[in-house]
C-alpha cells in the first residue's frame, strides 16, 4: 500500500494528533473526534457545527475558527461521523444561542445528524439544520437520495460563519446558510480514483485515456465515463450543466477546487478556461478561489462550484476568517 | 496522458492566465512570465525576486504579495526561468533600494540568475543574491553541485520578505535571508513519481512497496530506495538526518510539506510523528506549517523542513503576510 | 416452540461478527463498484465494537443484548449502515423488553419491528436495492432460522439486477444495475450467522421449549 | 582549407534542430534516469526558437548567426542547458566577429573558446559526465567534421560508466553510473548535424577553398 501512514485503522486518529500539534488555536479532541475553536462557546454567538467523512481535508476541520465553523466532527475516511461526536460538538459550542448543523446530503450524514439533533434536543440544545446539495452531476429525482453535497459546503460554512460572527440569531444564520446552499452548484471530474487507507488500492478503475464526469467527493461515479477531455472542453461541458441549472442573474463566487491529486498548476489552468467560458457568456465573477479545499484523498480531478451572491452574501464572503484552511481579513 | 490541461506546451501559460483571473491583487504578465505585486515598486523598499521551474506551486508565484516576494519568475515545468524574466522582474520591483534574488541551488537556476544579475547591473539595478541549499538528503561535497534548495525557500522568502517590508536595507535583508537559509534543513521522501506534462507519464518508476528516501522536488532520486516505511519510521529516519546536520540549540519552525499527491490527512499524521520524535529529543517547536507549499506536481510524498529561529527571526515569521499561498496577520 | 436467552443472541452476534471479519474485503469490493468502498470496514468496525461491548457490559436478556449492540453500532459505525443496522437491533431489543427468554415468534416480531423502523428511517421501499431487500425476506421466513438465512442470501443475490433508489448507489442510476448491494450482502451475513447458531443449538439439543 | 559562410552555420543549426526534434523523447528518457526529465523538451524549445529567430532576423555572417542562436538559447531554454549551450554558441560567435566567411580552423578555434567558456561558467572538468565530455573531443577533432561527429558520439557513449560531478545528476552519486548524460547526448546530436551538413556541402562541391 502506497501511503505514508502508520496503520490504516489509525489514520484519522494520527491526523487529529497532528492537527492538535499544528494548531494551538484549536482544541482537537482526538479521543472523541471533535475539533473545536479554542474560545468556544462564544457568548451570544450561534454555534456552527459541521462534519462528515475524513479524506476531504481541509473540509471540515480546517475550516474551524473565527468567522467560520465553531466545531467539526471528522468521521472515518469517507464515512460520516456518529451522533455522539455531533452532540459533543454541539454541547461544546452552544452558548445558549443555539447551534446550526451544516450537513452534506448523503444518507449517512443525514441519518447521523438527525439522530444527533434529537439527542441534542434532549440535552436542551436548540439545533437548526441546513442541507447542502449542490452537485448537479446527479439529476435530482425521486429515484435518488437527492443531490450530493460537495464544494458548495465551503460557501455555506464561510457565509453562515460570518453571519454568526456578526451576532445574527439562529433563525437568521440558518436562513443565510439555506440561501447560500440554494445558490450553489457544483460539477466535478475525476482522472484517477482515490486510494483509501482501508482498501489500499484505487477504489475504482479509470483506464488511461478516460475520465469520469460528474464524480462525487468519495469517488462515487457520476454521469458518464468519457474519453479524456482538454481543460477547455471540460470547462465548456461543466459550465453548460452548471449554468443550465443555476441560471444566474447576479455575480458569482467561483471555486475551482482540486480533488487532491491534481497540481495547483492545472487548477489555475482550469480556472483560465472557466473564466473564458464565463466571459463568453457575459457572466461576472465577483471572487475566485483556486485550490484544494474539498478533496477526495489523492483523487486526481477537479470540481467547479458557482455561488450566486447578492450584496449581503458578498459582504459575508469578504468578512474576516481565520482558520487553517481559509484565512483573510483581520 | 492523464492531465486536465489543454496542450503540454501551454500548461504554464494557461496557469498564468488563470492566476491573473484569480488574483486581481497581482499583476500577472503571462506573456513575459513575471508575477508582480500590484503596488510594486514600493517606495524605499528592497525588492524581493525569486523564481524557478514551474510545478512547485504555490512556490514561488503564490508567495508574491505584501510581506513576502515582490515578484516571481516561473520557468517551464521543472526548468529554471531565463535571465530575461529575472531582469524584467527586477526592473519592475526596484524602487532604487535594490533587489534581492532568492535562488534555489540548482545549476540551471544559479546560471540563469547569475546572468540576470550581470544584466541587471548593466541597467543600474543593485542586486544581491542568496542561495538556498537546505536539502540534507544529498551530502554536501566537492563531487556534487552542492545541496539542493527545497522547502527552506519558503522560510527564506517569508522572513526576508518581512524584513524588507519593515524597511530594512538591501544588505540587511540579504543578511537575514542568508541567516534563514543557513538555519534551514530539509529531507524528503517520494512514494510515487510525478508526471510532467511534456513526458506524460511518471518520470521514474517506484514499484509498489518501495519508496525513495531523500527525493528532490523535481523527482531527482535521493539517498536510497527502500521498502515502504510507516510514517513513524520515516519521521525517525528524517529527523535523525536533519538533527544530525542542524544540531539546533534554539526553537524550530517546522514545515511538514506535501509534494502534491499526498492527502492533507496523511501530512497531519506525519506531523504527529515528527512532533513525537522532537518531543522525545526535547526539542521545542515554535511554529508549525502543514500543507502543500513546495510541491512537485502530483508526486506522492512529503518533506520535513526545520528552521532554527532566534527572537528576531520568529518575529519576522509572525509578521503579517498576504499572498495567495500564505496569509496571516493584518 | 423454542425459546432463546441472552446467550443465544450473544452467540448470534458473535458469529455474525466472525462472518463480517471474514467477508469484509468482499463487502468493500461490492461497495467500490456502486458506492464509496467502505462498507466492509464499517461493518468490521461495528462488529468488533459490538463484541467488545458485550464482553465489557454483560447483558442478561435478549432485549438488553440487542439494545446494547444497536446502540454500539450507532455510536461506532457512522455512514448509512451504522444508524440503519443500529436501529434494526435497537428497535428489536426495545420490543423484547426485559424478558429473560423469548419465543422464536417474539424474536421474529421484534426484528420485523426493527425492519419497519429501518424503512421509516431510511425511506427505502422493497426493490430499492438496500439492506432491506435481504432483511425483509429473512424476517418473514422466521421462525424457520435456516429458511431465514437462505432467504437473506437470495434477497441479496436478487439485488443484482435492481436499480438503486436509496443511498449513494442511487446516484449511479442505470449504472447501479448488475451489482449486488453491499448492505444486502452484509444483511445476508447477519441472517446466515443466525441460521448457523440456531442449527448448532438444535444439534446440541440445547433448545429449551418451555 | 574550406571556408564557411552564414548559410553553412544556418544549415548546421537547422539540421541540429531537426535532430533534436527527432530525438527529443530519447533525451528526456535519459534525463528521467538521472535528472528531471526535461532535457528533450528544453532542447526542442531552444531549437524551435533558434530556427524561428534565424528566419525572422536573417544574419549574414557566421559569427552573427552563432551569436543570435546563442542569445536565443539563453532567452528561451532555461535550465542548465540553456545558459551553457547559449554560452557555447555566443562565445564562438563573438570570436568570429563580423567576417563573412571563416576558415574551418577559425570555426574550430571559436568553438574551442566556446567550450572553454562553458567550462568556466559551469565549472565542469573532463570526466564530470556533462555535455563537455562530448563537446571537447568533437572540437579537438575539428576541422575534420566527420571525425568531430564521431568523437562527440563516442564522448557521449563514454559518459555511461562515469559518475556525475556536476548538474543535478551529481546528486545521485554512485547511482548516476550506468546512464548516458543527456547533455552529452544532445551535444552528439549537435556535432552529428555539423558532420552531416559539412558532408553534404562537400558532396555538392559547394565548398569554396579561398
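A few comments on the model shown:
Letters are used for the chains, namely A, B, C and D, taken in the order the chains are written, and counting of residues starts over at 1 for each.
Keep in mind that, in the parts below, contacts are C-beta pairs under 8 Å (C-beta built on N, C-alpha and C of every residue); 3 or more make two chains touch, one makes a residue touch a chain.
None of these values were measured; they are calculated from a predicted model.
Chains that count as touching both subunit A and subunit D, per the definition above, are B.
Subunit D has its Cα centroid 74 Å from the Cα centroid of subunit C.
A separation of 54 Å divides the Cα centre of subunit B from that of subunit C.
Annotation: 32 Å between the Cα-based centres of subunit A and subunit C.
Across the assembly, subunit A contributes residues 77 that each touch 2 or more other chains.
Contact of a single residue of subunit C with at least two other chains is seen at no position.
In terms of inter-chain touching, the protein chains here are arranged end to end in an open line.
Contacts between chains, counted with the stated touch criterion, involve the pairs A-B, A-C, B-D. Interface of subunit A with subunit C (complex): residues 53, 75-84, 106-108, 111-112, 115, 137-138, 143-145, 148, 196, 198-199, 203-204, 216, 218-222. Taken together, the subunit C residues at the contact with subunit A in this complex read 28, 32-38, 40-42, 45, 74-84, 121-122, 163, 165-168, 170-173, 175.
On subunit A, the positions that touch subunit B within their shared complex are 1-7, 11-12, 14-19, 21-23, 54-55, 57-58, 62, 77, 189, 191-192, 208, 228-232, 234, 256, 260-273, 275, 285, 288-290, 292, 295, 297-298, 300-302, 327-328, 330.
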